[in-house]
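In the two assemblies presented below, chain A is common to both, partnered first by chain B and then by chain C.
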Partner chain A sequence: MPLHLKRLLLTGVVIVSLFLLLKHALTPDSFGQYGHYRGNSMGEIAALPIHFTGNKSCESCHDTIVTMKNEGYHSDLACEGCHGAGYLHIKNPKTEKLIKPNSREFCGKCHSINPARPEKAITQQNIKDHHPEDKCVKCHNPHQP
Partner chain B sequence: MTEKKTSLSRRNFLRNAGVTAGTLVATSTLPSFNAVLFAAVKRNTKGPWYGIAIDIEKCIGCGTCAKTCKIENNVPQEPFFFRSWVEQYTIRKDGSLKVESPNGGIDGFTQSVPADQIEKTFFVPKMCNHCAKSPCVQVCPVGATYETEEGIVLVDEKYCIGCKYCIQACPYGCRYFHPDKHVADKCTLCFHRIKKGLNPACMDNCPTKARISGDLNDPESAISKFIRTKNVYVLKPHLNTGSKLYYNALNQEVR
Partner chain C sequence: MNPEFEHLYQALSKVDGFIYPNEIELSWSILIVLYPFITGLVAGAFILASLERVFNVKSLRPTYVIALLTSFAFLLVATMPLIFHLGQPLRAWEIMMTPHLTSAMAIFGFVYLWYLMIVLLLEIWFDYRYDLVLWARESTGVKKWLYKALALGSDDISPKSVKLDQKLGYIVTVIGIPSAFLLHGYVGFIFGSIKANPWWSTVMMPIIFLFSAMVSGIALVMLLFIIINKVRKQKIDMLCLDTIAKYLFYIIIIDFTMESLDQIHRFYEAEESFEIIQLLISGHLNFTLLVMQVGIGMFLPLTTLGILQFYKPAEKVRQLLYFITGVLVLIGIFFMRWNVVIGGQLFSKSFLGFTSFKLSLIGPEGFLMASIWLIVPFFILAFLLWLFPPWKKTEMEH
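Entry: the complex of A and B
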């Protein structure tokens, strides 16, 4: 074999082995475990912390008010739907307080008149005309409306 | 020179035209995607196969799903980034269509079209369709986005190079570019909650229980019953994405 072909072959071998070495070093361990992706990423996403803890966790302290809610029209509502995520509050109930939204606009997000809202599904009120000077919660207890 | 002549010859032109026409005829006979037929087949033999169902007749457009999603998944609060949002469709009496989604519906909807001009109006909550033949997964050049065996489409944020190709590929607009992480981000069907035995945050907090998710493999699950008993439809079935987000009472105007 002529010298120049030997050199070419050697260069080729070096390039290919360098490529294989780099590929081995740069491919993450779990890549290809289940498919063309990093298998470990599933576990990483699954390990993320939750923020909304659910009605059960509210019940353990606020059982009276949860029972009251469950007996009224708002029985299907999740506590955290209005009060916000409870993950900090359940760890430090004294310092981390949840929100108590009581503005007319907040109630209006569900109850203001909108032709797109199915009439049977929800009670609707014209929030501009219906006692505009008062807050809704003055007359309606949100836990037993 | 002779080569160029050959490639433009009548023989080649006729052959290429024949191949093109034949391919078009052959592909036109392929069965089109049908959501319910697709749901009927068991796709994962080892475990659950997740799907989503949204009942438009129950949605009151309060935006709680969009709000809770942002909190649960640390989605930036600016009104351009959503994993889940609500749109209001309004068909006017003059035949025109208005679609609006102010801040994704988080602050609620105010009626923007005068009542006497409205022919029909309804809310459409939107989120990732968790397609079984996801266009977004197919285009990823590095394997940073994938479908799990349970049928959930996820993004590996450590592996994503931020090329945004998947954001363009999604026909439903369900992905956004995370402004701080500089990677593509999307709904995970609250993978971190599902794996802990909980429901996705948007579904737990929906006041009218208009949205559910569950195992399509289980004939007794709420979602399987939903598909069996309602007239369900998926978005853009002609794109053959294998969408697993089933809407009840979806109008054809919705895109």
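Entry: the complex of A and C
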């Protein structure tokens, strides 16, 4: 075999070996343990702090508001869906306050007219024409709209 | 207004009829249009080169090396639009490191590598090795070392080893033809296998992509052949140019037939998706499909090339007509990719509504970004032509 072909073969072997070496070095150790992902990620994700605490934890202090919400149209919504994650507030209720969104755009996120949204399921309003000077919460109590 | 809401309201204003929330914004934009366009140029240019080498079309000899280098320059950039489309481009290598065997895209990485390393690089190397050795002897400085390194330090240009190179180069080209078919057929397969999208899901997709790739690749090499000769102030080999145009004409006929067959089949079957597709063609894709792709990109070139098969005007006129035809074909094929990629995302999979798409000028998915990835291969090609000038190569009998 001529010299250049020998060297070509050698180059090929070097490239393939380099690829396999890289593949070995860059593939995480626990990859493929359970499936096509890093096995260790299961534990890592499980160990993450929980940010959303759920309606029950809100109810333990704000029971009247939660009861009011549960009797209205928004009964299916989670408190934290509008107020944001509550884990810090539960730790320090006095210093860490939750958000109280009250802008027209925020309500419009669900209630503005959108043909992709079923009218029967969600009340929809043209938020540009419907009392544009006022905030929605002036007439509608978000906990019992 | 809060920018988050502004974005939502803007997006909703684009919607027409009923559409699922995840269909409002197109996730694949112009960079994904470029990906099949550039890959098609690679496969098409290579197939033109193989016409000379394997199918022995002698008159195409002057374009052989240009076609190979064009194919190589564009292949180096083919994955860049994909990588730049990713939200996390630095994770792109993971597709190669931990490939999922059921992922069509992961396997494309290997199809791409096979084509780059085994087919193109090897063919170019076998074709250039003799000259690399000669140029290493003649040159000085960095260039000398570069040529020497590229020739893998070997000085062997004995008739026996050169003959062996020719033989091996031929084998690589023979392997290269199905590989080029695989490379671009595969791009078509990625779209054709998406069964939820009636605009894409057709077994014809790989074949249509393949033939449109050949059309665009041949047109590009034809254009480059004219430009390179004009820049070098050389007389254009008209026999060669006429032959490229003849093959371009044949392939456009096949491509046109395949694409028409696909559409006729769709019209005659008239499945439940037919109504929305009809609205798509007559509405959102009206201009890009009927005017740009079919009218300007297919009908005009087909007519011009058809007439030129029977009537041969003066050389200058022919050159101009071939040049214009080449540009029109490239525009047409670009819009074919556009209509597939963008068109397939404009209608809702509920078949009840549309979204719309407006190309932005700047930004990661904008016109400027796409222009960069379309221009870069030409710079790479110019560099390759400077480093490995085909006109200084020793003429070898294939």
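By definition in this document, the second predicted complex is superposed on the first by the 104 of 145 C-alpha atoms of A that agree within 3 Å, B and C clash if a C-alpha of one lies under 4 Å from a C-alpha of the other, contacts with A are read in each partner's own complex, and residues count from 1 in each chain.
Following the convention adopted for this analysis, a residue touches a chain if its C-beta (ideal position, glycine included) is under 8 Å from a C-beta of that chain, and two chains touch if they have at least 3 such contacts.
Just so we're clear, the structure is a prediction, and the values are computed from it rather than from any experiment.
Colleague: Per the contact definition in the header, classify A:99: touching chain B only (first), chain C only (second), both, or neither.
Modeller: A:99 contacts neither chain B nor chain C.
Colleague: In the overlay, answer first, second, both or neither for which of chain B and chain C A:52 touches.
Modeller: A:52 contacts chain B only, not chain C.
Colleague: Figure out whether A:121 sits in contact with chain B (first) or chain C (second), or with both, or with neither.
Modeller: A:121 contacts chain B only, not chain C.
Colleague: Contact-wise, after the overlay, does A:139 reach chain B, chain C, both or neither (first, second, both, neither)?
Modeller: Neither partner.
Colleague: After superposition on the shared chain, which partner residues are touched by A:77: those of chain B (first), chain C (second), both, or neither?
Modeller: first
Colleague: Of the partners chain B and chain C, which touch A:41 in the superposed model: first, second, both, neither?
Modeller: It touches chain B, and chain C stays clear.
Colleague: Is A:23 touching anything from chain B or chain C once the two structures are fitted on A? First, second, both or neither.
Modeller: second
Colleague: Does the superposition put A:7 against chain B (first), chain C (second), both, or neither?
Modeller: So A:7 only meets chain C here.
Colleague: For the overlaid complexes, name the partner, chain B or chain C, with more touching residues on chain A.
Modeller: More residues of chain A are touched by B.
Colleague: Which residues would you name on chain A as touching chain B in one complex and chain C in the other?
Modeller: Looking at chain A, the two contact sets intersect at 31, 36, 105, 108-109, 112, 114-116.
Colleague: Across the complex, what residues on chain A touch chain C?
Modeller: Residue positions touching the partner: 2-5, 7-8, 11, 15, 19, 22-23, 26-27, 31, 36, 103, 105-106, 108-109, 112, 114-116.
Colleague: Applying the document's contact rule, which stretches of chain B touch chain A when the two form their complex?
Modeller: 57-58, 60-64, 68, 71-72, 88-90, 107-111, 115, 118, 121-123, 143-149, 154, 156-159, 188, 191-193, 195-196, 198, 201, 204-209
Colleague: In the complex of these two chains, what residues of chain A are touching chain B?
Modeller: 28, 31, 34-38, 41-42, 44-52, 54, 74, 76-78, 80-81, 84-85, 105, 108-110, 112-118, 121-122
Colleague: Which of the residues in chain C come into contact with chain A in the complex?
Modeller: Residue list for chain C touching chain A: 1-2, 5, 8-9, 12, 15, 17-21, 24, 93, 96-98, 100, 117, 125, 129, 151-154, 156, 160-161, 164, 168, 353.
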